[in-house]
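Consider the two complexes below, in which chain A is the common component and chain B and chain C are the respective partners.
Showing the complex of A and B:
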């Protein structure tokens, strides 16, 4: 995908695995989201053909985990797990540690 | 961002796990999603703008919550204890609607164009359709849930919670799939209460089995906990009180070996009740959750460690935390005075909160947030030096006596400390000299006696003379709503 604006609520899927994410919050501007070294595609768009997971990417996107960039201006939720490392403009994203509260409801 | 994602994820990750157990009926997470899909197709076909539920707790509640989200319309659970005119007025405000109910409640409804009444049993047995799977909406600003406030001061207000409010609450405070295979939660607040809705969302996100009871009764609750090996529970303080009374009466052990965590909220917890509950259930982790409809549920929690530390401490500053609602969770919190100045520790004022889970919005009245995004909860309270929040009643309940703000809570606590007093409520009464004066309604314990002068003397000795109720009346019982909230407006009428 060309660089695109990221909006809270929008969904992207990996072009190389089953992984899917939902944007929780995003900085202003245009960015490229990647998974396994290949640009992710917007919710309903078809995945490009002939692309493959980057060699040596042993990463795995885990369902229910939140992924953030270094300053946490971008946060996404993995809604479906799959292979590949998530990235924003080529920089790998990290898992955000949940601020879990004692179960209150 | 859409709360339907929560069910989608649970069904993907733990489709075979039991999601809902109610009587003999069971739904796995995959079946719950399938039922929500079918319902969403029916809702879409009806062209309804709202999905309303007028019913006690049943599997129809979680199905309707998610089906409404899949269909892209708000979910509106209605209070089945309202009178016929009240109910019909609310239904008029949500038409055209897809209204799920039972024959018993359907009798109360006037026929209305645009309102499709669907029997609960029919709703639970909708046939599969060829309709394509619903595309989950991605507008984070879409309204997920609309709840009518109880309307104690006027017409009920329609509080709206957007998908972004609820999702940020769930994603920010619950770890996905954190429940163990055998975990189960029992929630006995009605479906129209915010705690009932957030429990469905939290439990689904945690992939935890939900055990449903139609209503609350202490004996039935204990039996259900044992039968379903319930590990987590949510109760309002009045329900805990009933359980404590029941266990004390039959003088038996609680016998709830599977129960690990008990959360409570939705009203003030009497100190003596939580102390008794902790001693009857020493192995259980207690959590006090403070929240409002307008904040998508919980904003502060007093966790299990805080409960134990407070109960065991000899330091009065730590011991009193058993009466606190704990520290803010995923929101910022400030105490402000009447002029908006932010107050320091131990200074009582108005509680303000800010954060993505805070909607603070009503359909007709609009957003109540200030320019910087802060929501006035209208609760009064103060923070201690370590940030524990103590609540002190609603700002509407404050008695303004000659310019001095008097909070009913502290006077009630003193009155309740009298051995003959079973219950006490302090309210404002008209006073020519002071504008408002302090009045108290007292319920005495059976066979006990106390006179007015004695109670006035007690308050004078512990507080100061401005706090002394100038009029005290004795009653057989005080009026509460069905969730144990005291109805002060009714008590005030006794002093006019």
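Showing the complex of A and C:
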């Protein structure tokens, strides 16, 4: 994928594994989302052929975890787990601390 | 008189539960034989249901009687007299008394769950966590959603199906207002079978749960003679510690408190070591949360013959349902209660106060106690939604007309009998977070 605008609610899938994410919030502008070193694919687009997980990427995207960039201006949620490290413009994303439990429901 | 009952529904329900579990009661099932309408009215549940400026509403399904039945089933197996001072239906309403909750119509008494209009129907949305607000733009695919008003407008433009599907993906507690299925839903499922083995007569229980359903379950097991250890993560302790102290104390008094750092390998190893020495584990995490910590219920059951493991969840342990979250109020909606109230009275309302929580806690205590007596070695899944459905399906009128008629009759019967929720007092304060960590680990021979 070329650089694209990221909007809250848009979904992306990994080109090299089962991983899928949904954008929770994103900064304005255009970016490239990656997984396993390869650009992720938007929504219903078909995955490119002949691509593979970057050698040496032992990362794994975990379902239910939220991932953020350094200043937390980008946040996305993994909706399906899979291999590969998530990245924004080539910089790896990190897992965000789990949400505090509610005090009641 | 059309309303006269020839059978005691609560007793029938209790016997059905025991029968489904293959349990032989130690003594006769003894249960209040009042009319289900009176049980609902007196329990305080009626006072918690309906609009703030309207009359309390009758639930035309014997849900409160089912709660009495579940408790009576447990009492028929428990040490004589262990549960004599308890009333199942009153347990469903007691948080309302402590937290001074009142009925709010389409909003839950606790305030976090609401019934909202979509393009083609209603959904329940429970924003119980502060952080949930941050998910709204993604949920609605609309970055202009910044407040209440813009959220309501955006929801009205979308379909129930899309909102529920996307909400579940995002981990929001969202449920459609739909009828319960007509086929009987099992209230519990055995999802893994290990070896049976007889364990301690008075079981050692590890409670990894939080909020209401799980803690009520272990509170009842404690009343039946169990030794309960409440295990919490130091990083994410039970949120109910920040709620009304009387309620936390009531459910957690006399449980020892162990706090472990589950973000570290040491803490996870300590938890596995505790589990290996327990007879019953009660937890209410999404299965993937434990799996991601390398804690596998199935494996631990295989390694520990006789272990009873109860998984409390919103919608079951299958994929994708295991990832959907539910709290007590939205699970009540998902179970069909709000839909049937609309059919009966013309108005959708939230029924009770987080009703699926205490109802599930009661059922879970029974299932855990029976399984332990039978030699354990089972992973039991109790879904909040399924427990509600099972109660709703029990003695459900066959069509909308008879549901309406029953609601009129039961409402009339209840007049003069509508009580407020009642609270029990906690015998002592609950232990501080982690107050017993060192002592429990030391006495069980686990390294700190």
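Here are a few things to note about the model shown:
The rule we apply is simple: the second predicted complex is superposed on the first by the 102 of 105 C-alpha atoms of A that agree within 3 Å, B and C clash if a C-alpha of one lies under 4 Å from a C-alpha of the other, contacts with A are read in each partner's own complex, and residues count from 1 in each chain.
The rule is short, and it goes like this: a contact is a pair of C-beta atoms (placed from the backbone, for glycine too) under 8 Å apart; a residue touches a chain by one contact, two chains touch by 3 or more.
Source: prediction; values computed, not measured.
In the three-chain model built by superposing on chain A, chain B clashes with chain C.
Once the two complexes are laid over each other on the shared chain, residue contacts for A:43 go to chain B alone; chain C is not touched. Shared-chain residue A:77: touches chain B and chain C both. In the superposition on chain A, A:64 makes contact with both chain B and chain C. In the overlay built on the shared chain, the residue A:9 is in contact with chain B and with chain C. After superposition on chain A, the stretch of chain C whose C-alpha atoms clash with chain B is 326-334, while the remaining options among 20-28, 326-334 or 434-442 stay clear. Residues 8-10, 22-24, 63-65, 77, 79, 98-105 of chain A contact both chain B in one complex and chain C in the other. Here chain C touches chain A in the complex through residues 95, 99, 110, 112-113, 126, 128-131, 134-135, 137-143, 166, 169-171, 173, 210-212, 235-243, 286, 288-289, 292, 323, 327-329, 354, 357, going by the rule given at the top.
Within the complex formed with chain B, the chain A residues making contact are 8-11, 22-24, 43-44, 63-66, 77, 79-80, 98-105. Contact residues on chain B toward chain A in their complex (touch as defined above): 1-2, 5, 8-9, 12-13, 135-136, 138-140, 163-164, 167-168, 171-178, 185, 187, 195, 198-199, 202, 205-206, 232, 234, 261, 263, 265, 285, 287, 289, 291, 297-298, 301, 303-304, 329-330. Taken together, the chain A residues at the contact with chain C in this complex read 7-10, 22-25, 62-65, 75, 77, 79, 97-105.
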